[in-house]
Amino acid sequence: MDFTFLSQTMITLLKAVPMTLALFSASIFFGLFLALLIVWMRVGGNPVLSAIAKGYVFVFRGSPLLIQMFLVFYGLGQFGFIRYSFLWPFLREPFVCAVLSLALCTAGYTAEIFRGGIRAISPREIEAARSIGMSGFVLVRRILAPIAFRHALPAYSTEIVLMMKSTALASLVTVWEVTGVAQRLISQTYRTMEVFLCAALIYLVLNFIILQGMTLLEYSLSRHRRATPAALKA
Amino acid sequence: MATMELIGFGSTGWGALLLLGAATTLAVTATALAIGALLGTIVAGAKLSGNWLLSAMGSLYTTVFRGVPELLIIYLIYFGGSSAMTAIGTAMGYEGFLGLPSFAAGALAVGIISGAYQAEVFRGAYLAISKGELEAASAIGMHRGLRFRRIIMPQVLRFAIPGLGNVWQLSLKDSALVSVTGLAELMRTSQVAAGSTRQYFLFFIIGGALYLILTSLSDRVFNGAERRTNRSMPAAAMGQA
Amino acid sequence: MPGQTRLSVRNIRKSFGTHEVLRGISLDAQDGDVISLLGASGSGKSTFLRCINLLETATSGEIWVDGEEIHMVHKNGRSRPASQKQVDHIRSELGMVFQQFNLWSHMTILQNVIEGPVHVLKRPRAECISEAEALLEKVGIADKRHAYPAHLSGGQQQRAAIARALAMKPKVMLFDEPTSALDPELVGEVLRVMRALAEEGMTMLVVTHEMSFARNVSNRVIFMRQGLVESRGAPDAMFGGGASKAFRQFIGDFGSGQ
Amino acid sequence: MPGQTRLSVRNIRKSFGTHEVLRGISLDAQDGDVISLLGASGSGKSTFLRCINLLETATSGEIWVDGEEIHMVHKNGRSRPASQKQVDHIRSELGMVFQQFNLWSHMTILQNVIEGPVHVLKRPRAECISEAEALLEKVGIADKRHAYPAHLSGGQQQRAAIARALAMKPKVMLFDEPTSALDPELVGEVLRVMRALAEEGMTMLVVTHEMSFARNVSNRVIFMRQGLVESRGAPDAMFGGGASKAFRQFIGDFGSGQ
Amino acid sequence: KDWKTATITLEGAYAPWNLTNADGSLGGFEPELAKILCERAKIECSLVASDWDGMIPALNAGKFDVIMDALSITEERKKIIDFTVPYAATPAAFATAKDSPLANAAGTGSTITMTPGQSGVKEIEALKEAFKDKTIGIQAATVYAKFVYDNFGSIAEIREYKTGADRDLDLQSGRIDLGFDDAVYFNNAFQAANGALAFTGPEIAGSIWGEGEGLGLRKADTDLRDKFNEAIKSALADGTVKNLSMKWFKVDVSPQK
């Protein structure tokens, strides 16, 4: 084992971590909003909106992110009307495009995950809410969302971890995050395994922290299912 | 016109190669899903077992294989696997190189990853089963295995189908990374076609469309399964006012 | 105030697939009316209550709450309420206690009870909490207010469900077997609570198997059979032997015994 | 045959956290014994039944079924059964009807009923089906045999749960409020079924709020209060006024009225 | 080991060096050259396509014996694998949109020669003046990338792409102003861009780009390397490489020495 090489590699890669985190948090943030909008369209009962949401999920969940990102970044620039529109100053920026395509993609997945969570809610509890006059937003906020979120949490933490790894594709559009830097190092040094192991370690640590956080969240949100209520213990 | 020729099935058309790529992708993904189902069941069982050692091992598996970039796992299995096999071969007196075939290495790698995701899906589905129904099964003396087969499995499948649909999608796309093993699946075929003809947008769009076709086929399968398992659920509580 | 019609149902029908569960049921309830709904298992009692607050949409028929008709639209052979707003408003005036309790599993008992007042009626939280505690006291589970539903006994859950419905201070209450999981002592107590509510003028529709309640607390009895009203009348008349043969057979011992 | 001890419970205790729900309960039941378990809501009746068939593990105490002791191991202050095999075997001889029914939601009613006989007792399927149909006929829901639990009324679900437990032909039956969702006519019928079972020699432990059952069908009554047996005795003695003050208050009207 | 057979890998998607035909067969400059080299070395070769990313590890893992994929001979790579003598060496140049104000910068059409580490070349100084504050796109981790960083890093914004093709698309859409790469590669790219792109400034040749492109082999296989060295030398000497080069690149890429 060549420790000087490993430590140098590690330092180089660590410098790219802030970029990875920036891509990650921005795309999770916007993706979540978009996903909520899509779920709302999907289950809201309006057939037109529901069909649009279905189509969205189909396209963004069904095709590889690599292709989506390529088309968003390189494809949009091929159209004159976009190049000369007010959007171009934004779309010109690689970071914006990377976040845009990451968020568009995760929104499709997240929407499906939350829809699954909603399906798992006991119909009886929904009825009880309707019977006191809850509907629309209040019903969602007070009953559906908390229960659905709790059900969806394991799948959603998976999706978040996936997003962390998906940021790796951003080097395709000249945003150099951890994986991109690792690949660049590899094409300079050809020590594939060592460099990749360092990168893997970084992702593993980042994801481990996220998963641990999600597990804690899951635990604190499932007090009602634990055998003995904490209140009775102490 | 030139476009139609490029994606057609004539001597200058890429149609046949792209379809072959799609079929390879489908085969890799399906094999991986089967491997993953087996691993996922075992790992989910370990995590739910209540035995701390087993559940720690299960957690380790899901954390590592979800947390480490897929590409690396594919590398490890493809290159690491053949180094190991070559070493064993040499020890047994065989001269030269022994390798996992690309397809086997790719499907195994994607399967191991998919196993981590399926484990989480199964675990979530298990937790969604009504406790009362499990108690009712214990109360008539169903032993573990029977309870698993008769009560847990059917309900886990019911709750897991949407999640499995997601895992299928993931594996479909992870299979695109298998191209580093030299397997000509859909993604690599699209890239080769794009690079050889310099028609990048055309072939990426065609590639994307073929992925969507694969998705819609698999969606049909999963939706059908979902509908069938939903017969026993009360009429849609969500749909109406 | 007395004599004002709170709830009026006209010729409600409901089918599940080809199975017609309700075959034309009508009913009027004034302020302070306590109506017992009796009937064999599967005769459609729960379905009838669920139709009134629109958890099921009746295949046909009219429903008026507090003088206001619930508007329905009919399309492709299915009907649904015209305005969600109206439905929400009406539901907040109709309390419901479910046969299976349907408590929200992710909330403690106290949270279950204040949920409606705080988030639907938008009343101040502190006020709702003190009212809720009084209600829980009344039904005898104040000590369980921070427990989750899964940790309660059947009877405790049922009482929590009653408290949750009462916290909304509805004008009309729909009870689906509100004492099924209770012991005789508690039954007596819950019935006392209900009697007091009736005296305060609350209108109540109660599905029950508790004949003593039907006889002693309610002022009208409706006996359902196979989706139709088989007979109806004042409790004394019904239990006094003046009712149909089917009803006499239904109440069995209870009719003859006393 | 008479006189053989089927079920014997010695000094069972059970705590949830610091809350001691059962504080030392003992019981012996012979062939054909029908024991009514009465008690206020929250007094620990369901918990007691659940401890007997080990759905909850008692904190301490001994349980003997059909002369066989259930072996327990104690480790780090927690106890659990020593042999899962023994537990499974014993459970197949102990029938249980749950307060919340707990039907398997992914199976039709008929499938629910034949599940145990076919897959636990490994009896021929055709035979089980015809027996199951006879049982469903007996409890009056034969027409619902191909429906799923979610599509049944409360009373129908409860009867399905009873049929499911009986299909196992257990030596001892544990009933948790088996008639709570039933109308008086059906209550009468279900009690008739239970009386017939008792005559065939089945041992039964019945949590009930149905005083007429306790008085007329059972041969022993146990009254629980705050996790202890407050009083026990023959029904005539208990209801005849010889019982404790707490019991007299508990049964209220029923005691005085008749 | 007695080399009767060998497996040669290439990407099959880097036209015109190597490409895949629609029927799945491999074509381009390198596959045709490979055939000739193997004949001369008396080795039966089989060509397999594989992914660029996994190529060098796969070579060392033993999946194939030779890499022939426009692989530049560099010091870093020499640490991991062995190279034959070069069979090609190409100049590099800037490209820009034909209608860009940067088109036809000073020296367009001429060729200058540079050595490693050389600075103060007057043509380059002129370009620095012209390209001030512009954005230059390069392919990451190439010798060209190092050159651009060294000479233009202080005056222009540099953006790194994973592939040259991606960079060309951005050059067309105007997201970047200039690209810098292998001139032979650009020649081919300009055709695909339908004449929207053009060279600007002089072509830069010489030892600054290293020795050129050679075959990559495992370090242990020196005998195989020697066989191919002989074959390459003879193919260079009798003009075979030049003919193939004119066919595929329209210019001669054989190393000048």
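All chains are identified by letter, namely A, B, C, D and E, in their written order; residue positions are counted from 1 within each chain.
One rule holds in what follows: contacts are C-beta pairs under 8 Å (C-beta built on N, C-alpha and C of every residue); 3 or more make two chains touch, one makes a residue touch a chain.
Keep in mind it's a predicted model, so treat the numbers as computed, not measured.
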* To do: Go through the assembly and pull out the chains touching subunit A as well as subunit E.
  => B
* With chain centres defined as mean CA positions, report which chain is farthest from subunit C. => E
* To do: Determine, using the mean of C-alpha atoms as each chain's centre, which chain is farthest from subunit A.
  => D
* **Chain centre separation in whole Å, for subunit E relative to subunit C (CA means)** => 82
* **Whole-Å gap separating subunit B and subunit C, where each centre is the average of the chain's CA atoms** => 50
* **Geometric centre distance via CA averages, subunit B-subunit A, whole Å** => 19
* Roughly how far is subunit A from subunit C, going centre to centre by Cα mean, in whole Å? -> 45
* Multi-chain contact residues (two or more partners), subunit B -> 75, 79, 200, 233-234, 241
* Asked: Which residue numbers or ranges of subunit C touch two or more of the other chains?
  -> 54, 84, 87, 100, 150-151
* Which positions in subunit A touch two or more other chains at once? -> 74, 78, 127, 130, 135, 192-193, 225, 228-229, 232
* Under the touch definition given earlier, write down the residues of subunit E that touch subunit B in their complex. => 9, 11-15, 19-24, 48-51, 53-54, 57-58, 61-63, 165, 169, 188-189, 192
* Complex interface listing, subunit D residues touching subunit B -> 50, 53-55, 84-85, 88-96, 98, 100-108, 115-116, 119-120, 148-151, 164-165, 168
* Structure fact -> The residues of subunit D that touch subunit C in their complex are 16, 38-42, 45-47, 99-100, 140-141, 151-156, 159, 177, 180-188, 209, 211-212, 249-254
* **subunit A residues within the subunit E interface of the complex** => 74, 77-78, 83, 92, 94, 171-174, 176, 180, 183-184, 186-193
* Asked: Once bound in the complex, which stretches of subunit A touch subunit C?
  -> 122, 124-125, 127-136, 138, 141-143, 146-147, 150, 221, 223-225, 228-229, 231-232
